Amino acid sequence: MGLTDKVNFPQPAKFILNWGRKYSLWVMNFGLACCAIELIAASTSRHDFIRLGVIPVAHGPRQADMLVVAGTLTDKMAPALKRVYEQIPEPKYVISFGSCSNCGGPFWDSYSVTKGVDQIVPVDVYVPGCPPRPEALLEGILLLQDRIGKESLKEHYQRREAAEPEPAFTSTVPIVVGGGSINDTSIRDE
Amino acid sequence: MIFYHFFSNPWAVFALKLAAVFIFFLTAPLFLGYVEHKGLAHMQSRLGPMEAGKFHGWAQLIADGVKFIQKEDIVPDAADRRIFMLAPMIVIIPVSLVFLVIPFGPAAVSCHAPAGAGACGFWGENFDVGIFFVLAISAISVIGMLMAGWASANKFSLIGAIRGAAQLIAYELPLVLAASAVAMQAGTLSLVGIGDAQKAYWFVFPQIARFIIFVIASLAELSRPPFDMPIADSEIIFGHMTEYTGIRFGLFLLSEYAGIVSLSAIAVVLYLGAWHGFFVPWIPGPIWTLAKIGALSFLVIWLRATYPRLREDQLQKMAWKYLIPIALVNILLTMIFKVVF
Amino acid sequence: MAVTELPTAGMLPGGPGEGVQVVIAGEELPTQEMTLSIGPQHPSTHGVLRVVLTLDGERIDTATPVIGYMHRAFDKLSEARDYRQIIALSNRHDWLSAFGNELGVALATERLMGIEVPERAQWIRMLMAEWNRVLNHLMFLGSFGLELGAMTPMFYAFREREDIQTLMEMATGARMHFTYCRVGGLKEDLPKGFLQYSEVLVKRIRHRLLDYEGLLLGNEIFKKRTVGIGVLPGEVAKSYGVTGPILHASGVAEDSRKTEPYLKYSEVDFDVPVGNHGDSFDRFNVLFHRIEQSLKIIEQVHAKLPAGPIMPGKMPKYLKPPEGWTYVRTENSLGETGYYLVSRGDTKPWRLKMRTPSFHNVSMIPYLLKGVLLPDLIAVLGSVFFVVGDVDR
Amino acid sequence: MTPDEIEAHITEATGAVERSDVVHGEVSVWVPNDKWVEVATHLRDCGRCHFDLPTFLTAVDLEEQGFEVVLHMYSVRRQHHVNVKTQVARDEPRLPTLSGVWNGMNWCERETWELFGIDFTGHPNQVKLLLPVEFEGFPLRKDFLLMTREAKEWPGLKEPAEVEH
């Protein structure tokens, strides 16, 4: 923070700053349920998202840049997620990994499950699947990196501030892996 | 002739050396960090960073650095603000000072520097008490660690810092004992002098035990696996670094890797014959030194991939029950040999 | 806590079990206990378990597990779903042994309806259950190393897991939640080339197990950290309802594949590895040898797999088990997973109680953690095999 | 022992069995509430029963007849099972605790209390186990409705016969 949220940098400086953020996404592994295993699988030998600069060595939220919420969020766990999110320093990104964290998934009618983490924290990328394959997470990361490469931090912070009281997805239009958009009602009405 | 004039000006030499040391201090840890990324990855049948900088992710750590400077600088509410912000500096400054006295090569032949500026050669400064300077100053970092742990107002940080302090107290002694035996054998405290003294044979050969003690003690002092209890991630998150964000955290990381380089360098100078090579004497001294430092640092990385971590009390037991007695006996033997031969 | 109650002090040379009496000067100084809350999001609890500790220095006075962060109401939801949907749901509570879970539901429903499962389907179910067991145990072997600070076993374990998951994907089409069982049989027959790949994989994994033996079980530091830590006597384990590898490590060879064989376990030859001391190391040793036994079973299935159908000829259109109840126990990867199924003749069960091994394992944690050091928390928690979804359901 | 032998032995030895049956090879014995602890202790200590592994304890909502509490046990040495069952009233469900008999019953009873509202008198620590403290109601009772389902029918609802397999 500091300058980056007030000044519009000239293009070369902006490029370097964005490049740094793009390839150094230390990930806070918020593994909750089944999807956590696929998240770990995405970080280990065959899929290895460390290739893309997503480094899973941030053990605490303070060092993280990206929060991957993988698995079912329950009402009992929701305060912890909120807290972890708030502990991550700006600029931060959130990937919602798996149907449960997107919308409740197979536990949509449960009395103890939060139906979607976007009720608690703003989400940048939705990865659908139950659980999604590691490749889906890789695509989500690539799409997020594309977006980071183009964004302006000043606007990023302005949007965040505007969305401050309401979490949801007002920060920017979120990415949905595999196409579609979360505002696309045609799928729901089918 | 212009070079002659340049090198005979002590201020110019000083500036040049300072710049060189500074560049080395910044690049060597980055390089080591990259090697750790890739080395660990290939040991674990993966690839490691591949995208940042396109060619095998060579710019991964630069990207990390660029990111660190953009991150929000959080100081927790309950933290002791000034001490919290000061701690990373206290950690990194001693580590950087060690680089000043590491000799990379022999004294230059055409050296006409006036007395007082130190003899001219591939080192920052040739202290008469170099070895004690190094050992004393590298122990200061733990104060920074304690400050960080205490000021963070986090229980995990505190436990980590206390562990780190306990570990340092336990391992400073074997480290000093092992190093002093070398000083005894070389007959000088100057690191350059110790390097010179190994012309005939490396000091690792007479007594391998002393070298092993030194390496173990340095690993413990650096809190590297298998002695990484102060930052044991699965127990206490990240130890004293738990609450640090952005560039302050980056400084901690830099000091960790710089610490590996500097202690490897000291070990090379003390035991592995500094700039003296073998078989291929035409390779210049500084390259030998760098290669040996690299090899030793790689060993440190290798250990991380192989071993689980010990428990704090087991480490203490090892220090007090085994390493210190062995080091003392070692000193005794060195004295006897020194007197007899 | 008064200082005199401490027989040994952890931070001083000697350590636990050494019997070195440490006299601490300044005994009159008051000491303060520290309450440390580990979790619910903490690297060591692999999942969202929370453990509230009271610490005296680094020694744990009391440990209270707080569970429920993954309570997704399986029991209630299964009352609102038909049997077909429950199979899909039951995959997800113990995500590391998905096939074992769906097997239990299918077996319970079949027993209540009196359906005879074809021979071939039973053998294939056994094959898949054993592969699933290998998957599960590899995960625990790997993650325990990571928690103790050894990174590499984790990556090796996942390398092997990926191979096995490719195999499972061939047959089931899914990587984790297979949903391969149907009431009465299986979704479909094994694809071409499955058995050949399975044979190759058995050999490969058996070979690679040597790596784990070297990196973990044969490693001096690993032994130092786990031998004699968290000793669980067999009687205590039983009184907590602990089953599976933990009970075996405590010297009780109770395995329902042996004592009450279901599927075709009576026709294959395997052993139940048993530990002598019930400490963390024994638990891992047992886990490691269970992988070998599973591979042995898989090899026998390859040899004995009969031809035939995989579903009984005629299945009712609606699955409506008659009124009644049953309890089916299966030896799942982590212990006894049982389904207590009460039917009232509807397409949905009246009550489906899931008995999970992890729940009982975790309830035993306070016993094991009393008086150990904070670093040993890792060695104990990692060796009390549990999956949080299996604890909370 | 075979299921029938267990049934006969328990009926004879405790004298508290109201009725019993054997279904699918599993024995159930129904005992009155006040004999609950006594029977459980006998089953643990008796040399012939030797039920040393309490498998689970749960309840079934029988609607107007109250709740049926089920305790399943296994004997590692003798390799046999038993289900001990008892019925508690719906308006004031209450049962003495078994946490003194087996350690493992502590959590099982906490869970049953939380999900069914059955009060285990004498339980050392009867507080919420799975649900957040502020949660109201006993979710596994039949009169606890899943609000999401009540609000809107699941759009993907299909009867089993409509799909293949």
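Structure notes:
Lettered A, B, C and D in written order, each chain numbered from 1.
We adopt the following convention: a residue touches a chain if its C-beta (ideal position, glycine included) is under 8 Å from a C-beta of that chain, and two chains touch if they have at least 3 such contacts.
Every value quoted in this text rests on a predicted model; they were computed, and no experiment measured them.
Summarising the inter-chain layout, the chain whose CA centre lies farthest from the centre of subunit D is B.
Between C-D and A-D, more C-beta contact pairs are found at C-D.
Centroids built from CA atoms put subunit D at 24 Å from subunit C. Each chain gets a centre from the mean of its Cα atoms; for subunit A and subunit D, those two points are 43 Å apart.
Between the Cα centres of subunit A and subunit C there is a gap of 30 Å. Centre-to-centre, using mean CA coordinates, subunit B is 63 Å away from subunit D. Within subunit C, residues 43, 68, 71, 73, 76-77, 80, 155-156, 159 each touch two or more of the remaining chains. Contact with two or more other chains is made by residues 44-45, 59, 76, 109-112 of subunit A. Shared interface positions of subunit B, i.e. residues touching 2 or more other chains, are given as 44-46, 233, 237.
Per the touch definition, subunit A reaches subunit C in the complex via residues 30-34, 36-38, 40-41, 44-46, 59, 71-72, 74, 76-77, 80, 84, 106-107, 109-113, 130-131, 133. Interface of subunit C with subunit A (complex): residues 40-41, 43, 47-48, 68-73, 76-77, 80, 88-89, 92, 95-96, 139, 154-156, 158-159, 161-162, 175-177, 388-389. On subunit A, the positions that touch subunit B within their shared complex are 1-2, 4, 16-17, 19-24, 44-45, 48, 50-53, 55, 59-60, 62-63, 65, 87, 89-91, 153. Residues of subunit C touching subunit B in their complex: 10-16, 34, 36, 42-44, 58, 145-152, 155-156, 159, 215-216, 219, 221-222, 224-225, 373-378. For subunit D in complex with subunit A, the touching residues are 130-132, 135, 139, 144, 146-149, 154-155.
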